[in-house]
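Dropping the structure in here first, questions after.
Think of it as A, B and C in the order they're written, each chain with its own count starting at 1.
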Amino acid sequence: MSVEPVPAAAPSAGELIRNGILTENPVFRLALSLCPAVAVTTNVTNGIALGLAVLAVQVLSSVTVALTRTRIHPRVRIPVYTLIIAVWVSAIDMTLAAFAPAVYAQVGLYVKLIVAFAIIISRLEMFASRYPLVPSFWDGLGMGLGFLFALMVIGALRELLGNGSILGFQLTPAKPLLFFALPAGGFFSIALLMALFNRIERMMGGTGAPSGGGSHGV
Amino acid sequence: MASRMPVARPGLAFALAVVTAALAAVLMMLMLAPPVEAAGDPIAHVRVAPPNEIVVRLTAPPADPRPEDFRFTEASAPDAPIPVTAVRVEDGNRVRLTLDATVHPSQHYRLEMTRPAGARDVRPSALALMFTIFLSSALINNFVFTRYLGLCVFFGVSKRRETAIGMGITFTAVIIATGMFSWAVFTYVLKPLHLGFLQVVVFIGAVAAVVQFLDTMLKKTHPQLHRGFGVYLMLITTNCIILAVPLLNAAADASAIEAFSLAVGSGVGFALALFLMSCAREKLELARVPKSFEGLPMAFALAGLFALAFMGFSGLDFFR
Amino acid sequence: MSPDLPILPAPPRADRGEMFRIAMNLTLFSALAAAILGGVWLATERYAAAARLAGEKRAIGELLGLGESAEVTEVEQFMAAAAREVVYRAHAYGDDAGPVRTVTFSFEGELRGREDLAAPAAAPAGGGAEAALEPLGRMFVARQDGALAGFVVEGEARGYKNRIRFFVALDSAFQVAGVRVLEHEEDPGLGAEIATPWFEGQYIGRSAGDVAKLTVTKDPMPEDWRAALAGLARTPVADWRAKHGALLAREGPKPIYAVTGATISSRALTDGLRTTVDHFRRRWALLGPQLAEGA
């Protein structure tokens, strides 16, 4: 009992990945899941850690939903999607706590919050519930990679300017602009990077405006 | 879009009703709490007077008190008494003790007296504690500007002042309800059964359940309100703050009062952030913004400025 | 492609059978979810606990410069408020099933009892007869090659933002061998700098008496001292102390240099250290002989 008739052709793997990283990059274009993008990116390592966690949750949830979408009663599909995401988030949370405690101490709270990210559940609703396993996997991977990429870029900018280091390796003797390591700097970093992405997209022929913007229509 | 604008007054009334009911419950709890002192306790009240004094009010006039009559310790170090260097009698049955260390009203201490015999735990009053947590979660560690939570919805709803106010009120009401419900489930079900690892699943379930319940109830009892506020309710489910508050309470093993204060503080802080942002963004619509910055990027920069301003609250201490 | 959460159109009223099927569907998924999570928890909890332990062990080893053959005893302190007693439980660190020595003192320092158990009682402190015990803190005693190698005491300070949890290491002469900040919530780049080797290293070599009178100054740190402290990140403490003996002698009597822009955090850690070291000396004077006897 699937939700809607399966669309004619699923996009190819390459298209899906490029979509996730560039055209519909969750952070810079769709402006979803912004909370961790600012909170966790004081340095690249934390950004990568959370990015990988989100990637894992996205891929695993997409795959799970794609496999079980015939069994999910359509009227309770949102709660079931939420449940699936929550299970994977808890599993990844526990795994991180067990095998990467140093990183977990920094990003623990935000890993648990992954369950509230709109990006994941909206992806499940729009894609994984309608397409079979393989395209759903690529879509999840694309979105996850886009998110990881965004976190890495923001993290790099903030760590380089705020601390003078990259991945822990000190490049400058003093902190160039401590401001970027602070919460306010996080907001500014994203503002700059979003504007940059808009510019790039306009140069590549698009409209230059984020298609989401977390506007929710209001 | 006029029909989708929230009707301010009934909505306000609804939300205020929820908040007032919750507040009333808490106040009743505080008032009905059994009096701390037992009959015949010579110590009526102890107040910490920073930097290094405490003022003890006795039930009877003190009879020549000396430093060795008192034993004052930090609650966490009962075997290491803080030396009392001087004792001064003040009017109103008060005794002022000067100590050999700095003390602070937010810490827990224990005072013991030998002549006459009495003892008292010295800790911040429930109201002071509530206010501290409230201030902390609303201003100092504002969830939006300092902890960067709830951003997804924040940027969407802060475009106009009316929607910002509507969302702020709804959110505060909902977070109090879900926060306390989650706290109850955690304290009375998850913790005793050592099921802490189910936190995430249970809390998001609690949030979804409470939101769904409020939504259904509102649809039946106040359909007009529902049209105005319903969309906000659905959005709240994907708001990071609504999940973060129960998680933080669980991590800190908070008491009911602490959990309540955190919920109220976070709701008020979020509403404040929304309101400020919406006022600024309304002005922004009239400004000339570079093409690439139009829309969200500029909003982020604005949020950054607010975050900078909120840093000024950092050292705020209710007790100082 | 709108990323909004879809607002579902109101579905037709479901009939009883339909509702039952929905409920069963949801229940099935919930049960599956709980089972999976339980399984993951069982599989990972051991590792999580071991990781926590390993992190602390490494910190203790680095602070005291311990070798592989060192033995660390963990001493947990509890309070029995009703009986006005403090209870110490000493056992080999990391070994929860080995022999335990319990020493009880009154608040005033009078010895109330000492008990050796080959294996701990069925429930650890917190259950059954010991339900009234409230944990107060922990300390670690390290022995190497039969001699006392030093102590590590866990302490807490009230920081600018929240609590600061730290380890302070003392050698057998009660001189500070090192400080390590474990947990804090201070601002990155400002208060968080107290958790760096160059700040923590300032306390090294100070005697317990010095620590009791330690103050914090806003004066800038001399360049050569800063350069020397930066080397702490890469050098074992003992070598570092040997190399910078002259600098240590010069800076030892001086106050702690605060982190620029984070005076309160710097003071908080210093005050916390002072209290912790003072309490520890007092407690060890009573506890030490009891643990050494017949050990």
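To be clear about the criterion, a residue touches a chain if its C-beta (ideal position, glycine included) is under 8 Å from a C-beta of that chain, and two chains touch if they have at least 3 such contacts.
These figures come from a predicted structure and were not determined experimentally.
**Q** So that we know how the chains sit together, what is the shape of their touch graph: line, ring, star, complete or other?
**A** Topology of the interface graph: complete, with all chain pairs in contact.
**Q** Can you check which chain pair, A-C or A-B, has more C-beta pairs in contact?
**A** If we tally the contacting C-beta pairs, A-B comes out ahead.
**Q** Could you state the distance in Å from the CA-based centre of chain B to that of chain C?
**A** Centres of chain B and chain C (C-alpha means) sit 27 Å apart.
**Q** Hey, how far is the Cα centre of chain A from the one of chain C, in Å?
**A** 34
**Q** Taking each chain's centre as its mean C-alpha position, how far apart are chain A and chain B in Å?
**A** Going by mean C-alpha positions, chain A sits 31 Å from chain B.
**Q** Which parts of chain C, given as residue numbers and ranges, touch two or more other chains?
**A** Counting only residues that touch two or more other chains, chain C contributes 5, 33, 37, 41, 187.
**Q** Do you know which chain B residues sit against two or more other chains?
**A** 197-198, 201, 231, 235, 237-238
**Q** Using the touch rule from the top of the page, what residues of chain A touch 2 or more other chains?
**A** 32, 79, 83, 86-87, 90, 94, 118, 121, 182, 216-217
**Q** For a test of understanding, state which residues of chain A touch chain B in their complex under the given definition.
**A** Those in contact with chain B are residues 31-36, 38-39, 79, 82-83, 86-87, 89-90, 93-94, 109, 112-113, 115-118, 121, 182-188, 190-192, 194-196, 198-199, 202, 208-210, 213-218.
**Q** For chain B, which residues count as touching chain A in their complex?
**A** Going by the criterion above, the answer is residues 4, 145-157, 159-160, 163, 197-201, 204-205, 208, 231, 235, 237-240, 242-244, 247-248, 251, 290-301, 303-305, 307-308, 311.
**Q** Taking the complex as given, what residues does chain C use to touch chain B?
**A** Chain C reaches chain B through residues 5, 7, 33-34, 37, 41, 79, 81, 84, 86, 105, 107-109, 136-137, 156, 158, 160-161, 187, 264, 271, 275, 278-279, 282-283.
**Q** Spell out the residues on chain C that touch chain A in their complex, using ranges where they run on.
**A** It is residues 1-6, 8, 11, 14, 21-22, 25-26, 29-30, 33, 36-37, 40-41, 44-48, 51-52, 55, 183, 187-190 of chain C that touch chain A.
**Q** Help me check something: in the complex, which residues belonging to chain A touch chain C?
**A** Residues in contact with chain C: 24, 30, 32, 42, 71-73, 75-76, 78-80, 83-84, 86-87, 90-91, 94-95, 97-99, 101-102, 105, 118-119, 121-122, 125-126, 162-163, 175, 178, 181-182, 211-212, 216-217.
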